[in-house]
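Only one structure is covered here, and it is reproduced in the block below.
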Amino acid sequence: MPGKTRQHISQNESLLFEISSPGKQGYQLPDLDVPAVDPAEALGAARAEIEDFPEVSEIEVIRHFTRLSSWNYAIDLGMFPLGSCTMKYNPRVNEHVARTEGLMWAHPYQPASLSQGAMEVMAQLESALAEITGMDAVTLEPAAGAHGELTGVLLIRALLEARGNPRKRVIIPDSAHGTNPATAAIAGYTVENLKSNAEGAVDPAELARLVNDDTAALMVTNPNTVGIFEKDISRVTEIMHSKGALVYMDGANMNALVGIARPGDFGVDVMHLNLHKTFSTPHGGGGPGSGAVVVKKHLEPFLPFPRLKRLADAWEWDYDRPQSIGKVRAFYGNFGVLIRALAYIMAHGGPGLKQATLDALLNANYIRKGIEGYYDMPYTSPSMHECVFSHDRQAALGVKTGDIAKRLIDYGFHPYTVSFPLIVHGALMIEPTETESKQELDLFIEAMIAIAKEVETNPKLVLDAPHCTRTPRVDEVLAARKPVLRWKP
Amino acid sequence: MPGKTRQHISQNESLLFEISSPGKQGYQLPDLDVPAVDPAEALGAARAEIEDFPEVSEIEVIRHFTRLSSWNYAIDLGMFPLGSCTMKYNPRVNEHVARTEGLMWAHPYQPASLSQGAMEVMAQLESALAEITGMDAVTLEPAAGAHGELTGVLLIRALLEARGNPRKRVIIPDSAHGTNPATAAIAGYTVENLKSNAEGAVDPAELARLVNDDTAALMVTNPNTVGIFEKDISRVTEIMHSKGALVYMDGANMNALVGIARPGDFGVDVMHLNLHKTFSTPHGGGGPGSGAVVVKKHLEPFLPFPRLKRLADAWEWDYDRPQSIGKVRAFYGNFGVLIRALAYIMAHGGPGLKQATLDALLNANYIRKGIEGYYDMPYTSPSMHECVFSHDRQAALGVKTGDIAKRLIDYGFHPYTVSFPLIVHGALMIEPTETESKQELDLFIEAMIAIAKEVETNPKLVLDAPHCTRTPRVDEVLAARKPVLRWKP
Amino acid sequence: MLAAIGLNSLEDLYAHLPGEVLLNRPLDLPPGKSEYEIIDYFRRQGDRNAVGYASFLGAGAYAHFRPVLCDVVASRGEFLTSYTPYQAEMAQGTLTTIFEFQTMVCQLTGMDVANASMYDGSTAAPEAAMMAVRVTGRHKILASRGLHPEYRTVLGTYFRYEGGPVVEFGYDAATGQLDWADLESKLDGDTAAVLIQSPNFFGCIEDWKRAAELAHKHGALLVYMFSEAVSLGLLEPPRDADIVAGELQSFAHPPSYGGPYAGIIATREKFLRQLPGRLVGETKDSNGNRAFCLTLSTREQHIRREKATSNICTNQALIALMATVFMSVYGKEGLRELAHQNLSKAHYLASGLDRRFSAPFFNEFVVRTNGKTPEAINATLLEQKIAGGLPLGRFYPELSDCVLLCATEMSKREHMDTVRKAFL
Amino acid sequence: MLAAIGLNSLEDLYAHLPGEVLLNRPLDLPPGKSEYEIIDYFRRQGDRNAVGYASFLGAGAYAHFRPVLCDVVASRGEFLTSYTPYQAEMAQGTLTTIFEFQTMVCQLTGMDVANASMYDGSTAAPEAAMMAVRVTGRHKILASRGLHPEYRTVLGTYFRYEGGPVVEFGYDAATGQLDWADLESKLDGDTAAVLIQSPNFFGCIEDWKRAAELAHKHGALLVYMFSEAVSLGLLEPPRDADIVAGELQSFAHPPSYGGPYAGIIATREKFLRQLPGRLVGETKDSNGNRAFCLTLSTREQHIRREKATSNICTNQALIALMATVFMSVYGKEGLRELAHQNLSKAHYLASGLDRRFSAPFFNEFVVRTNGKTPEAINATLLEQKIAGGLPLGRFYPELSDCVLLCATEMSKREHMDTVRKAFL
């Protein structure tokens, strides 16, 4: 029986397996309207039972998950300034329309004649994303950003192969997200590290030095992971193209550009979008997302199949794509996520999308201004949608970015992104997004300043944080030292 | 700006009016597809604005109410043993079906030909309630229990009037719920108090002494408010009937009888049911409910109109009810609540409903057994669905039922019903309902015993409770002394 | 568990009941059904109702768009499955929202205090009238024939034994507003209250300033009622009224075949002690922080019993919460724009039609059917999946050639054109 | 705010961007729409799809009943709008549910460890294969033709540059199960893994014990895949497999036109370090109470970069949560009964039809159309609002006269009778 180790019940929710006891049920099935078949007979062997599987009542299920949910922080509770993650408000109307009966119950193999609505939704989204990025063609198949990266690099490889030589290397700035190199490796490329310059940006000279006939592509993030727009981006793409190499852009930071600049206009050949960032689909504790990939015309023939094809009066799926890299995922992509992204685009419209971008820039720069007197800034070029600080000043007093992050929890905020990008030693990466109000931003700035002072006056307070959560500092080292990855009786 | 008076943001949510600032918007309307009309012109005078009305963004709305919700306790978080309130699990499928498009958007005045589904639902519920109570006819019009009481007493009055004399007095046991006397008064009757006997029950002899030709009815609750079945109920109803008076039964405690005994079988003429208790429709922080009234044949002609009438192949509303008391509410009742109640009845079915009753009795008696050694029991007859204790033993040490209730909060439970019924001095009225697991009951018993001991060893701990809530003891006296009932700038 | 309480079988739990009261057969109800079957059943019943029809029915139940957030908030278990907030320490969520509700109702109506809700608009009428009786010590109630007919019926039911008559006064055959002469002629020294509705049942805006003057001249209270809450987004708040009572269904709740809805009662500070229903007040917790709790319950049945201001206990809290979210989403600007769209759509719908009354109207109005019968017109509309207006003959025999039409922000122009054609 | 940062206009915020990159025109997208219009739009698109059709399509996407609680839980903002639980102190809710998910996946599959989810079943195939390559140091992958055709295509896409070939082995023309001779002939010293699916694409149950023996004999790993998770309610857990990978869509997620779904990978303790994706582990907080956190992230891209076990970052957490609730609601008994209903319905549907394969099947099977074409049969069914089975010619030319039919607990007897008639 789950004892009250701590007084309040919300202070010690047991695991389902501990609540479970034989015979309890939370379900009821309709009476079987056909003859019951004997499993052993029909299947040869049938399992006796699912050992240790939970047995709980319906009210226990709802209580268990409701109580557990109360241990979470979320956008619905407050600001979530994770740099590079674009944690913006997730409009609830998107959840509503994603549950439209005719869409949610559509089977991927049902006849095209009964799928026109679903295809229309995807077609609308494809053209909107093409317009927003200034690219020519779109695939909605990838399930997330990293998946989109893989798709993009495979597209590049396919094109180069078609040109006669897939080449060997992909250049990636040392500021890039880990998925970039991990992806290049899966696509069979060796990764060449590009050192960022004093502004944390790509150095055209350095790049020119690296590129040669073995270089397949550059994977660049713009704005980059220190929140700075690559001012030499046009030069950069020229350099690559002049060597017959291509430019992949990691679009995770697209929230800084929508409506003001388009990668297609500054030489990018292919990029992915994180619909679960820029286009507000909820992260859901880690997913699902969608990593739509947009490309220039020359890469279109290689896109994953099937492709939407417009007939005289209907949509159909075109599988006849001889040059395609194949499929990166079964069916057509995370359709439910695509619905939400289109709903977001429809709600904002052209002007609204640009306004959102401007507000995102405004909020990031407002925070930068508010706290730059208290934290070191490794790169001082103008910030776009996020601003990155380092803990150097605090580390000198023994307090690291991770500690400041934990203390921020006490002030009611989710921490910023900790120690990414790697080029910043002890990074504090802050992205407020456009959906935060000035009131919330001011509270955040207040908190950051208060903590900076605490670091000077009472570092222990910060080092031992958080103090206000039901769960104090969690021992991650212990977890990794002897992994317990499942409950056992 | 809402300051962080307490560190964690969840510790000090501001009022909407304090978050508000000019120009913020959470809505968007479609473009007007017709010519805009000038309000002042069309209406004569139009208001300038709604003074001080909030202006907030969508994300602020969701955060405000999500944060506020985290200050609530609810069935979904744990046991809610409020005696007389039957706080059982509210199945979520009921919420789902109540939002069925064709039902939720049905307009009360749409043609009968387009309302057959809604009428069918009501007809099904009426017949199920008649079968469960053993009565002949049902009205679903009353919006809650008290409303049902009024309907019932008006029915009695109408019948007596039709018989030539409405009579003057309604007899109500001193153990009755406050709505009983309040209702009788609205119906123009004077209330005569019936003293309960040593078992907290109706004393037939005492009753016989009171009844006379001026007596219109007895309002009896069975099981009564101390959770005891009125064993002389048949005798009691005989006494009333022999004097030409009627018997109204308060059905708030019907959760103790469904499937095992029917008021219609022991002489009750009319009663109400709290569908938001016995039939699991959610209380929603205080409502909505439904107070369906069931009657014997002789009261049927007086029921509120309209009545469902079965034609050859369809339902219709019958307004031609010359003897009807009229209407107690516009339209036909709290339809959305009726859907939920029918869904509950369908899910359980006949056998399931009886099982629920048995489990409710079992749980109540299990608790009684578990704590009767620690708290005084004013009435020792067998308990039905709830058990009532008094604080006498604890009061002797200066701790009252209200204090014990507050301390219970620290143990993660909502308190029992405090100081009702009035015949028990310092009552602790405990109704667990059938949907609580043994584990939850054991935790509750544990807590009650622990508190009983605290009262002896450390009364102050109990007197100052709760200690674990974000809001400690709230000053209700101050609130009443100078009422502040609205926010002002 | 049985063993723990010393019983052998579940049946022993009620063995002490007298044999003659026991039901010695199973309930005659079918066995339990699964979620799947239950959803299926109600889906089928819903499909037997009007699905996919455009509707021009109002008359006390309005089809307004429901911002998604209203259901999102009201579906949270912490609100949905909690009880009346008697235990303030674990109910600050509900208490705070009710306090906000009371405040917004006051802001909308121009009153000083509002309660936490009544059953609906129709029961708010007798509650307001009984309140006026308590305040004035008088007994007669004057109710306008422009007040919703069903509200008047409910008023009559409640008042049959209140000792005072409910007298109706008429409407002006030309304007559709109340008949001043008739009202004045019926006002007397025993009149406790004058009940008017604005927009009234015909959609006509009433002159509450003049009605207040008249009522007050005779020492009676003016009760201002409304069934279409959206109108408050544009109409002058009835500041001179003594009690404002009405229906909030328009704020986030669908027509739902007539309920559950939510009634409100608001009044002036000085009548506070006579207000029925629950009230939430601001106070402090033992740390000195702001907190809220139920208050002034000495007015209520559980304390005052037969002397209570009302017998109401359970109210419509969750519907009131939805309305609170609705008001928050729309806010100051939005509610006004919403009202303006209703106004504009209704006037578009009315253009060219033969309006029966001349008074200004909000989103409902009465039209003559000229030759055709209301039923015939509605029949033709039904064929085009449109539920037409309400034929008035049922409530007003003298208006049997008239239909009450309603347009809201959800009314689409093409449907309105179809309706207009049907009348020409 | 602009003033605070010393700017005059919002445009100044990006004034530092090089002119040539700027978009000097508005985006060519329509203006913003209201909630009402957006709901209306998707409603119309949905209505252009199949609505109210009974469906007998399976083939990797299954229509199972979704207990209401799954959406209730997944709709709670605390889960829906939270990020990957990197900050354990404020994410114990998500972390605990993932730990429960990992546990239940192990219980279902008979494996020791499971990760927090993959994109879907199709991408789980290459992830499992790449894992096998890392474990064995070998390069060749053998994939059964009974593995979902789209899974095989995805496998091929991922492996094109992995240095090793993906070789397919056939199925037994009579039984529909894998062709043992063909498999054996292709197994060799460079074979990293053998991928089979059970029930396979034809619905046939494979003999994983024998497949495991065979693979192990050659030092290869056996990867057991599934696309219909409900089958695990009745089938023997594939204990002898080295990796179990599959698709959990059947657990609470609707077909949703192909996604989002949720893939899983489970394996034996000893291969833990090669497992891709996120893992939640148990640990303690500084008070010594049990707590959970993400762990072993040294396998992952954000630490290991190009040497990571996978490039996956965002996964399918919310879908996994729905599946967790689904598994909790059904529980030990329910999942078995659910599987049993699927089994029984499918066998009822199959009775009398000309099954193409003889092997035992779960809730899918292949039938010959004898004379008629699959398309013709489906056309007649469509007229009766039934979406028939999947014509197999598209994926298996040799089976162009065959249809893959699927029945679940949602299949109604009368519809099944209609389908059967269409084949006779």
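Labels for the chains are A, B, C and D, by order of writing; each one numbers its residues from 1.
What we mean here is this: a contact is a pair of C-beta atoms (placed from the backbone, for glycine too) under 8 Å apart; a residue touches a chain by one contact, two chains touch by 3 or more.
Please read all numbers here as calculations on a predicted model, not as lab measurements.
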item: Chain separated most widely from chain C, comparing mean CA positions; value: D
item: Pair of chains joined by more contacts [C-beta pairs], A-C or B-C; value: B-C
item: Cα-centroid distance, chain A relative to chain D, in whole angstrom; value: 20
item: Gap in Å, rounded to a whole number, between the CA centres of chain B and chain A; value: 47
item: Multi-chain contact residues (two or more partners), chain B; value: 24, 28-30, 58, 62, 66, 70, 75-77, 92-93, 95-96, 347
item: Junction residues of chain C, two or more chains touched; value: 32-33, 35-37, 67-69, 72, 75-78, 409
item: Chain C-facing residues of chain D, complex; value: 35-36, 65, 67-68, 72, 75-76, 409-410
item: Residues of chain B defined as touching chain D within the complex; value: 28-30, 62, 66, 92-93, 95-96
item: List of chain D residues in touch with chain B within their complex; value: 32-37, 68-69, 72, 77-78
item: Parts of chain B lying in touch with chain A, wherever the complex brings them together; value: 1-2, 4, 7-11, 19, 21, 24, 28, 57-60, 62-63, 66-67, 70, 75-78, 89, 91-92, 347, 410-413, 435-437, 439, 442-443, 446-447, 468
